[in-house]
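Listed below are the structures to be examined.
First subunit A sits with subunit B, and in the next complex the same chain sits with subunit C.
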Partner chain A sequence: MTALAPYIEYARKAFAREATYRIELLAEIGSLALRVYLLRALWTALYTHNIAPMGLPLHSMITYATVAMLMSLVLEVDGTRVIREKLREGGIAVDLMKPIVVPFAYFSDGVGQTLVHALAILPSLLISLMLVHIDVPSAATLVVFFFSFALGYGVNFFVNFLLNGVAFWTLETFGLQLIVRWISDLLSGQILPLAFFPGWFGRAVFALPFAAIYSTPLLVFIGIIPPRQWVTALAVQAAWLVVTAAASYLLWRAAARRVVVQGG
Partner chain B sequence: MLAAYLQYWKINLLTMAEYRADFFMWLGFTIVYHGTALAALAVTMMRFPSMNGWSLREMFFLYALWMAAHELHNALFYNVMYVPEYIREGRFDRFFVRPFDTLFQVLTVPSRTFPDGFILGVVTLAIATGVAHVHLSLQTVLVIAAVVCGGAGIDLGISLFVASLSFWTIRVDTLRWAVMSLEQDFTRYPISIYTRAVRVVLAYILPFAFMNYFPASYLLGKHDAAFGLSPQVGLLTPLIGLLWSGCSYLFWRIGINRYQGTGS
Partner chain C sequence: MAKSLGVPLIVTRELRKVFRSAKRSPGPLGALRGLFAPVYEDRVAVAGVSMEIERGELVGYIGPNGAGKSTTIKMLTGILVPSGGEIAVAGIVPHRKRRENARNIGVVFGQRTQLSWDLPLVDSFELLRAIYGIPADRYRRSLDDFVELLEMGDFLRTPVSQLSLGQRMRGDFAAAMLHEPPILYLDEPTIGLDVVAKEAIRTFVERVNREQGTTVILTTHDLADVERLCRRIVLIDRGRIIFDGPIERIKNEYGRERTLVVRFTEPTSAPAIPGARLEASDGITARFVFDRASQRADRLVREVSERYSVEDIAIEEPELEGIIRHIYTQGYAGEERSA
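And then the complex of A and B:
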């Protein structure tokens, strides 16, 4: 356990730092309530005037969109932003000298920040329940959902890590990151179910890592991925986790060497 | 004052020519930002062809009308957003020792605000006007131009109002952010999909519906299902823009007087 102690400390510090922004957190919950209202109005209007597509009934659609919104409270926290800041301000050199595995320390930092926002999930869920009806799946489904969500969290972390890691080569990564964020919002299934995309594109989006972030857990939740496909779905997510983690590792190795060279 | 303003734009455009890479980067952002929003809309409407009687083509026009007005606001008045920051950091006081109007000085702080979004907005609006089969005549072109200017006025009125609040309280960032996301999310759809209270807010309190919903209803010859108002109300947009920005300017002056008062 002692080996983990510094990382737990990193997470605690990040938690305390992030928790000072109380008003922002309240605003986040308020804005979520507005967006849940919006999604109810939107999908209700669409279902009133059209035939339900692909056998997806309105209540499943609303459940999908609301749970996606709640997940975004946690997934939109970019725990690796710290890399970019440390690079700009030079703090990264000091961190590299410390007896820690730096990426793991940043991961802990990210987890600490995420936990603050995870606290907002409960009140947000209560407010959402006042606005919409959410289908509650079986206990087994919920367990698999949380497991899948955790895998998605990992993939999301490493995708962010890779994007922030580009800062080792060029400091202007904010724009690139925004672009990837907007595209991934769309291609991860956060805004709408990926099955809505037409033709070959609709099949191709499932083969991208973004689908592992939102789409898989959500499809488990609303039952589109049935129990007999759970293992395959989670295996694909796990594979993406391994790939993005390995890429992050390689990027980090190349980048750390670069910092040393520049400093020497 | 006009000469000074022209000088400001001359410097702005020269900066743009100097930082050409920056300009294209921002243009890229704007394209991806609006592109993903429109793609989400298009994919959704492929599955649900009608949104309360609005087709995809009409929804595209609705979006483009808001986009052009909002981007015109961004090109001319974006600096208003920085007022809370100026006040917090004490940089606002220098505006009092110069002979120009304070708001004019705020608007002309060089800040590399390129008109890339507005250019894109006009192009998008031109395409949308064709796609949505808006009956083209000199009159409709003039109406569209007036609506875009009026819409930018509404935008300015609201952001100036929020910025003026910072003469009384420092913490307006959260409020500004909430109003901005309300605008971006709720102007995307015809307001008839919302419940009555929200429609009233969007039409009469924060009149975002006049930026696109009412004028689009008029130009597309659609019946207003939200209030059953005559389509001609869509022509009121320029008036409402003038009214809102005028009232906000008065509020700004009151704030300035108060701010100077506490300083002495």
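And then the complex of A and C:
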């Protein structure tokens, strides 16, 4: 417990820090409601021209798009942004002069930031329910969805960690971030279900880690992944979590070595 | 009571740090050549520094930019691995046990802060309390002390982003000392501060050194800080220690020149006194430089008053700043490394 105390405090302070931006949080909820409304209009228009994928009915599609939006409240928080900022200002050195395991501190900081945005989910959900109809799955499906969402959160965290970690070598990662974020949004199934992609490409995207972030939990939610495939789907996510975490660990070790040998 | 075995708190022996960077070859094939047959360039930042610092000392560690000061401090804090030599801080090899070493040290950087920018000052102290596991009652007591000593009562609950530089620095000092470390590293702690804030910081450093016996290593370009606080200075240039000893000694060895400032009652062109060199003159005020070992000040004063109509005379003692500037530009001529 005492060993965890510093990290809990890191998360609490990150929460307090992020919570100082109240107006931004309100704007986030407002903009989300607007996007949910626009997506409904978009999909309704597209469906009148008969482009339903996988024979997915319109109400499932709107549920998919709306839940993806709600998930993005949490998944779009880049909890490891702090690494990039600290590298630029030389703050990593200050953190290394503390008796802490630095990557744990950054993870806790990210969790604290995320929790603030998670608070926006409930009001956003209530507003969304006034604008669109969402299919509510069974209790068991919801439980599996939340597990899958948590795994997706982990994969997303480490993908971000890897991206920001590149800053140890290049300092400036904004361009790279932008490209990868865009690719990730597209290939994770946030914008549209991955089944939309044709042929080999459509199969390949399921083999990338990005699919573990949005697609798997969403397909569980709308029932495309049936109960008998739940274990496999979550196992694949867990495997990606292990792979991205291991890669992050190796990257951190190389980065820390670079800092202690080259002076950052 | 048995005398403690006089092991110094901080010991370095022939401490070295060489930075290696890949050199880029010119031309279109340069990048390719760099990939397969990289050429490295070595830059020696610290070229064999040996020093011993006793418990309770307050040492000024000074030198020109790029001399190797921060590199040494980074090795002492354990965030940089030395390329050679030995190092021990309170019996610990810092880079081997970074976190253990971190408990023994406090660090203040004048150019960056360890405080959380968006949060009230006190929140940063609470985070540090959790990091160092400071018991509640001890935390309360230390915080009360610092609030009083550094007059932080008015801005303890103000977000750090809204503090003035002087207030922020006071916060940074409290943050560095909250866990009562036996060693305090200060890197340019008074940079950019006004005279009042500087004085508050100096008084604070003096006090923790005297009352808590904190060992302080002060790195700065502001020699007034050093003159006010330190008895001993360690002067480093191009990665080597060129002087280590009391301030008085460097002053005696280098401060041989004094300046006689004379103000005439009427414009006087090209004034001259035997035994002194005219350094500057604007017609009304003239500055003569003389060697205090070979020339007596009273004779020069008499001489100048006999020759000219004088309104005022003053004698300026050499400032540490001038001496250090002289050493930076001319090099140190004294015996290498006398301790």
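Just so it is clear, the second predicted complex is superposed on the first by the 262 of 264 C-alpha atoms of A that agree within 3 Å, B and C clash if a C-alpha of one lies under 4 Å from a C-alpha of the other, contacts with A are read in each partner's own complex, and residues count from 1 in each chain.
Note that in this section contacts are C-beta pairs under 8 Å (C-beta built on N, C-alpha and C of every residue); 3 or more make two chains touch, one makes a residue touch a chain.
As the structure is a computational prediction, the values presented were derived from the model and not from experiment.
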Using the touch criterion from the header, give the chain among subunit B and subunit C with more contacted residues in subunit A. B
Which holds for A:Phe197: it touches subunit B only (first), subunit C only (second), both, or neither? first
Quick check for you: in the superposed arrangement, does A:Glu24 touch first (subunit B), second (subunit C), both or neither? first
First, second, both or neither for A:Leu42, with subunit B first and subunit C second: first
Touched partner set for A:Asp185, first subunit B, second subunit C, both or neither: first
Please work out whether A:Leu126 is in contact with subunit B alone, subunit C alone, both, or neither, and reply first, second, both or neither. neither
Mind working out whether A:Glu9 is in touch with subunit B, subunit C, both or neither, as first, second, both or neither? second
What part of subunit B is in contact with subunit A in the complex they form? 25-26, 28-29, 32-33, 36, 39-40, 43-44, 46-53, 171, 174, 177-178, 181-182, 185-186, 189, 192-195, 198
Residue positions on subunit C within touch of subunit A in the complex are 19-21, 71, 74, 77-81, 95, 98-100, 102-103, 105, 107, 109, 112, 114, 116, 118-119, 123, 126-127, 129-133, 159
Can you tell me which positions in subunit A touch subunit C when the two form their complex? 2, 5-6, 8-10, 13, 16-17, 20, 89-91, 93-94, 96-101, 259-263
Touching residues of subunit A toward subunit B in the complex: what are they? 23-24, 27, 30-31, 34-35, 37-38, 41-42, 44-50, 53-54, 172, 175, 178-179, 182-183, 185-186, 191-192, 196-198
